[in-house]
């Protein structure tokens, strides 16, 4: 599958730590950010009503490898590519690019769930959503 | 009113910024932390069912004055005191103490609300909750 | 003084809380975000070398009033205006606008400091920086 | 290697998201928290002077698997175990336990670095530090 989608993010002061670099946990927030903008670009939302169900995407795994630091005001490109759209799950990778050079690689898998009465239950990805994610 | 309540917090690495000190926005998270522990100490929660209502406490104002920095691994005492329990609102202050010296002063006011069907509506503080907050 | 400067921010999923709205502490990160973009727009940085000094701007106070909630994916305009450029201090306000309606009002004051050997010392705002902030 | 070390953490309101559960990125902050408390328990710090060097531990990878949600006020036990102390690297896992049941599993690898003049350089883990980490 070859879907790719990019946003850029300028590293905020609040995202740095006393080592003078972006704190590693922020990469996971950014990973989610590009994912959600990807959903938006498809006319979807990670928190949406679909045929009477409230559909969400809790994560089952998330990981990141770090190849070099990012600093305050660095403009990082977050380039996401869909890796797999399974029956119930959705996997993608994110390249973190600084001036075209990969400084980190993120991976995550989410599961499509309905939320009813505070309970999450995994469900097959609805066909209309699957179709958009797979394009 | 003289209710006081304290917790301690050791400044986390993730809470520092590139200036080498705790980032100012964290003081608001800590302010909320001591508030919630205060509620817990009274057998309450900031998100609770009370006589069939879901009661919450959205903020109407929050502020902090900073007198000196906090660093990684500093153990800060968060000493909260109730300033006012109004008909619908609740105000308190927090002293941020490092080795007994005040390094910051926080203030906040919340309003008692019921949450029904995703809508918040301000309500008079229920008597049983008021009584506990006012002790 | 009438300097105004705006950015927009779309509320992130990670910025919401279990009440379904943007958590109040995030407003302080956004306040800082617009401030830093304002500095950037002037060719300045909140962490910069100036005539051999490392100049920074620690906060002495920050506050926010909340008039209504913000939700996931809301696009909020952060409109900043400079309120005062004192001898050593810099004060501004931020309107948080949702579809043109003010949902919050932030205020903060920072002090110009030099950082040498891990020590912060307040200094008069250098003339070239003052001139830009005051335009 | 069998070193284990535990702390507990009560999920904060600010750590929840609009899905009503702890946001997944927080698990990485908690992972770091137990790591740092482990270092402290050994008389070490993740940011320390050692024989004239400033020694730090930037991450090369971090990951987490999620088996079930955590909610506001849940008390989660963070049980860390050292997996490997390499020549320059340090790897550990963290079990996230809710009432004894594993709700998540975190893994991370850091590299020992000296920080001189703003530059990080990987170095062999100093023997005295290695000895403590390996106990």
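Going by the order they are written in, the chains are A, B, C and D; count residues from 1 in each one.
The working rule: a contact is a pair of C-beta atoms (placed from the backbone, for glycine too) under 8 Å apart; a residue touches a chain by one contact, two chains touch by 3 or more.
None of the values given here were measured: they were computed from a predicted structure.
Chemist: Please tell me whether the contact surfaces of chain A and chain D are same or different in residue numbering, using the over-half criterion.
Modeler: Same residues, largely: of all residue numbers at this interface, over half are found in both copies.
Chemist: Going by the average position of its CA atoms, which chain sits the greatest distance from chain A?
Modeler: Ranked by distance of C-alpha centres from chain A, the top chain is B.
Chemist: What is the distance in Å between the mean C-alpha positions of chain A and chain D?
Modeler: 23
Chemist: Could you tell me the distance, in whole angstrom, between the mean C-alpha positions of chain B and chain D?
Modeler: Going by mean C-alpha positions, chain B sits 28 Å from chain D.
Chemist: Please set out, as single numbers or ranges, the residues of chain D touching at least two other chains.
Modeler: Touching at least two other chains: 13-14, 18, 20-21, 25, 29, 32, 47, 72.
Chemist: Chain contact topology under the given definition, line, ring, star, complete or other?
Modeler: Complete.
Chemist: Would you tell me which residues of chain A are touching chain D in their complex?
Modeler: Those in contact with chain D are residues 18-21, 24-26, 28-29, 32, 47, 56, 58-66, 69, 115, 118, 120.
Chemist: Which residues of chain B touch chain A once you look at their complex with the stated criterion?
Modeler: The touching residues are 13-14, 16-18, 20-21, 23, 25, 71-72.
Chemist: Within the complex, which stretch of chain C touches chain A?
Modeler: Where chain C meets chain A, its residues are 12-14, 29, 32-33, 36, 40, 45-47, 72-73.
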